[in-house]
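So, here's a batch of structures to check.
Each of the next two complexes has chain A plus one more chain, namely chain B in the first and chain C in the second.
Showing the complex of A and B:
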């Protein structure tokens, strides 16, 4: 094998973040309770430097190193940068929550950084082996984070459910990978793709493996009928963990789908398109309809996530570059929206009060007009109302689906989106037209307020100027 | 039937029997012991497939370390078997149905139709001085270096997660601080009080 130190250059972001997380872990050991802020600051600095390094090593051409285990291309660069940005924002809100609830511990940030490393590995893996290991790294960190509040019964229950179902999903995925290895004799995506191209697509073993791959993928994305863990985990996990699970890992799950289905098995597009159509339609239907019945805003957001996952799958199943671009745009947009919605929940919570009931949002406008406006942006964006960015995300996906002739599917998507608008608008109605039941003054630290404002207005600004984000996504599939 | 084929059938039959017993035994200690048997049989099958190193590692790591630990945990826990069984019969039909469907699908796919000798030539047996361990080591630290490092990171996360979830300081727990114990001086422990004599001894 050929190896020199230049091989390591594309991997620098991962190497840096791993080094930093080990350092932070050791530094955190020697800190007093009062100095815990240092851990948080170091975490944010390492993420910022990781973004910088990712941009530094980025280039338009594709590099594959480590004997076909690692790939660096424009898609991985773009997704890594957004994963880091969204996680940084999520950590700002998390710090607010942890301080308010006296749970400020270093292991939250250490596990979070490990999860980010796992996502980055997934985003730039070029073989089934490394993508599986990245997924396990991400999942293992998330299981531990869900159980972060050890005295909470719902938290432990959610962690247990998440762990069990996650383990089954990983098993399914591994079984599918072993079938594909059996059929092609390779685990690298490009080798698998060429083996599929030569051996033909009417191979029972390949399709059998593909079914298991898609099941594993649907579990991780949270698509119906493999969504059962999502509402319980969102509800039971501490709010910052629910926020973390609901935002950046969706980008990694998108990369998982693209790497496995498009990079590896694009030859079987006809087969996986049908499977994804079923998953996407069911997700949009069940997510949007069941969300209406929720009274807990975290559960409602979980079902809303399920419906958004349907849209992300819709773009992928189109099977064209346009579809992948729209899907990536949707995933990034969704990450920004999700982190903002949970940020507002955290900003309104205080010790002993989680602010997770819909009724807690009554009359929010009178208590804090500015943050009620931010919540309005998020809800409009999630519902897909112009001029917010959520509208363009839905528009691009629908456009891609219609251009491949799946007009019926697009109509179903629009139909269920309209149903979904109801529960988003209901929150706006509660905030603006109902009397507040709780007059406790709104308290949040200044950095949370600033970041929340930027995050909320970014939904509007990206909606007015979607070209900047779109150009990043277009470059990824150029 | 060659002797190797005979051994294969023996190991496979024992493996299937042990695996079935693992999930049907009422006593969890018995289940764990049957799992040990299942691992040993699987190791036998792997030996027949010329994967000596993996077979030995399976016995050393899983049987020798993991299962022993597992048995300890099972013995420590007070498992309420009656409540574990509740709902067993309710879900059994669905479970059996799924298992049967999956088994039939598997037999159809992983049968000789797709993996027969006409599709894949039978592997050539290696020479007696062929070292399976050496070959594995050669690719593990070169071609598969990146996945190898990732696996190490996953183990690190597992350690952190386990410690993070179980280690907690309880304020009511009494514990010794060796540093303080070592530093203690006689003066800290015994206070000699000088007193004037109050009553004359007679």
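Showing the complex of A and C:
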């Protein structure tokens, strides 16, 4: 096989981050407790440089390398940049939590970087095999991260559950992939797409494989009825891990859906559209209704994630470029909102106090008006109230869904988002209308405060100027 | 006509930015926040005045237009402009906002800067609602309005504020999201979110009826019309005085404005088809809610119910036009009907604001809204009593006050539609007089009821200023409504023109 070193250029971000994660792993071994900050700083620097390299190698054209198993296109560039940005923000908050709870260890960041590498591979996959590879790298890192706090029983339980269900999901996905390989004889997305186009779509084996593919995807996204792991993992995992699972990997899962269903199997759109409609409607219904009953804010956010996943799927199932754009916009917006909500939980926690009960938020406005305001932005954004960016995310998705004539689905979506509004404004009620129950001053390091402020206000700024973020998404599906 | 500088943008953004600056000033010295807010509110009012002086009443075209792309991929624009329908409402908003700030001067002591800022931001957003000509921009302002109001009622409200404010938020949010779906649907028919292009859109009757119902859910909740009015008494009772004033004087008008800007011109055939529904809802509001007001024990609740009854007049005026135009010997009745509704909106803006401020004056002194805890207030507060009686009279529709003009126009027009509408609408003159004057009798007149009343002191200069300004406005509009009617005449006639043409392809 002829090797051309220029084919390595599109893969530079992944190569760099892989090199760095190996280096950091070794460096971390030789550091003693007092120098642990070095690991953290190196992690942040490598992510920043990765963003830089991604921008450097980005271009409007599509490049496929490694014998059709790796693709670099505007979508992968955009998603990688946002995965890295959101992860950087998540690491700032994580450091805050780990320091507060005396768990500041290097392996958290190493595992995190491996997970990010997995996400980047997923985003840039051009074949079923490489996407599975990326997914497993991501998942295995996350399983380990959930069990990060060795002494926590709920943490270990959550990790076990996550691992079991995740393994089943991977099995489903792999089984589906093998079916599709059997039906088409290919594993590359473009070859599969052309095989589907020539052989027609009434191939039972193909549709059978698609069902398993969608099940695997739904597991990873956390769509109903494959959502069972989400509340337990969010609840049981340490807050920074829940934050990490809930933010950037959703972007990767979005890429998973686009790569498999759109790049590979767009010919079967009529088949997967119906499946996604069921998943999306169930997710929005169950997520929004069950979230009302939660008293733990992490659990509540898990159910809220399920409902957001429903919205992300709505955009994809429209099956038009506009739909994919709106869905990508939604996924990125969701990542920003999720990381901010957990950031506030972390900033608000202290040693021996997780701040994960809803009642802990009573009177937050009295204790810290500024961060209460940030939480207000997050909640209104998640509820989809303008002028926050969450509204535009919902608007674009509804737009895409109505444009393909699924007005009824749009009506169902807005109906459940009304129900959703209730539990979001309940948080605001607790923060603003109730008196505080404890008066411990709000303590967070300066970098957390700054990042949190930027993160929170960005929801409003992006809401006033959504065109900037939208242009990145439109470039991805030009 | 377009001015050389963006008046509308300035009127929207000045109070919003001013509000943020007030928060930045903070509560260390509350007086700074107060004066700053007053300065911003007065400046906004002054800036909005050229909208009236520079307005060309001879055309139905949009004026002071500002247009720039906002989200070009979805063809959403930052598109502002006013016509004779929206311009008076903008001036009303900027005018009333000054009094809201002044009324809170000494009363609000808890987090003053946030309170003032919430009202200023609210003012900007409300002006935005009235001036937006892009449906999505309209919707953004429309929903954004809920956030400050939600906080105002929830933070500074009465004992049952949490229930009231969540009810308020969910009701109005529920109403509006279906409008969002309708707007997106029309976007795909028209190719843009330009409201004026919606006006010329061809829609089948079936589509029109569905869109009409979506709009109705949004606007009827806001107006509010019977039977979706139940959030209003709760919200009013719990809201601080300023919140009640803004709710009654301006937010309710936004519902009425929505009918004129969206429902009537976009779905005229559906409106004509379903006008019986709106008319009966309006008449029920006028008569039944009037009786409900009669039995209230709480002053604020009484005024809240009277607001619902008065807004019933507005919607009655707007939707009677189809029956009037169907009547062969009524040529100008329809225009009269629309004008009556508009004048009623503006007039109710002044009167309800004044009534709530009157209750606020009493509440600040006695901390009670119960009618039964008052009596003989006139003996201790003669000036206040004079104002309160005056506003009560105008609320009841006394000739010479603005309350009379709108009601009279609507009743006059309703004769052209159906005698019984006129009959039922006219009963409000009796019921309205009954509940308002009976309340005034029990509160203001009679012997001094208890020792708390005996300790009351008459209104301060600040309160006199507020009430006197509003009294002047009410009188001026009542004696000489000409200027107001003139600016809106051409726009309303143009609207009528739109409505009379079928939109069915």
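What we mean here is this: the second predicted complex is superposed on the first by the 476 of 478 C-alpha atoms of A that agree within 3 Å, B and C clash if a C-alpha of one lies under 4 Å from a C-alpha of the other, contacts with A are read in each partner's own complex, and residues count from 1 in each chain.
Operating definition for what follows: a residue touches a chain if its C-beta (ideal position, glycine included) is under 8 Å from a C-beta of that chain, and two chains touch if they have at least 3 such contacts.
Since the model is a prediction, treat every value here as computed from it, not as a measurement.
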| item | value |
| --- | --- |
| Contacts of A:475 with chain B and chain C, given as first, second, both or neither | neither |
| Partner chain(s) touched by A:418 [first = chain B, second = chain C, both, neither] | second |
| Which of chain B and chain C A:66 touches, first, second, both or neither | first |
| First, second, both or neither for A:144, with chain B first and chain C second | first |
| Which of chain B and chain C A:27 touches, first, second, both or neither | neither |
| Set of chain A residues, in rising order, touched by both chain B and chain C | none |
| Touching residues (chain side chain B, partner chain A) in the complex | 105, 108-110, 113-115, 142-147, 150-151, 153-154, 156-158, 160-161, 164-165, 168 |
| Footprint of chain B on chain A - complex, ascending | 1, 3, 11, 18, 25, 66-67, 69-70, 107, 110-111, 114, 117, 121, 127, 129-130, 133-134, 136-137, 140-141, 143-144, 147-148, 150, 179, 182-183, 203-205, 208 |
| Touching residues on chain A, where the partner in the complex is chain C | 325, 365, 369, 380, 385-387, 391-392, 395-396, 398-399, 402-403, 407, 410-411, 414-415, 417-418, 421-422, 425-426, 428-429, 432-433, 466-467, 470-471, 474 |
| Residue numbers on chain C that touch chain A, as the complex places them | 70-74, 114, 136, 139-141, 143-144, 146-147, 150-151, 154-155, 161-162, 165-166, 169-170, 173-174, 177-178, 180-181, 184-185, 187-188 |
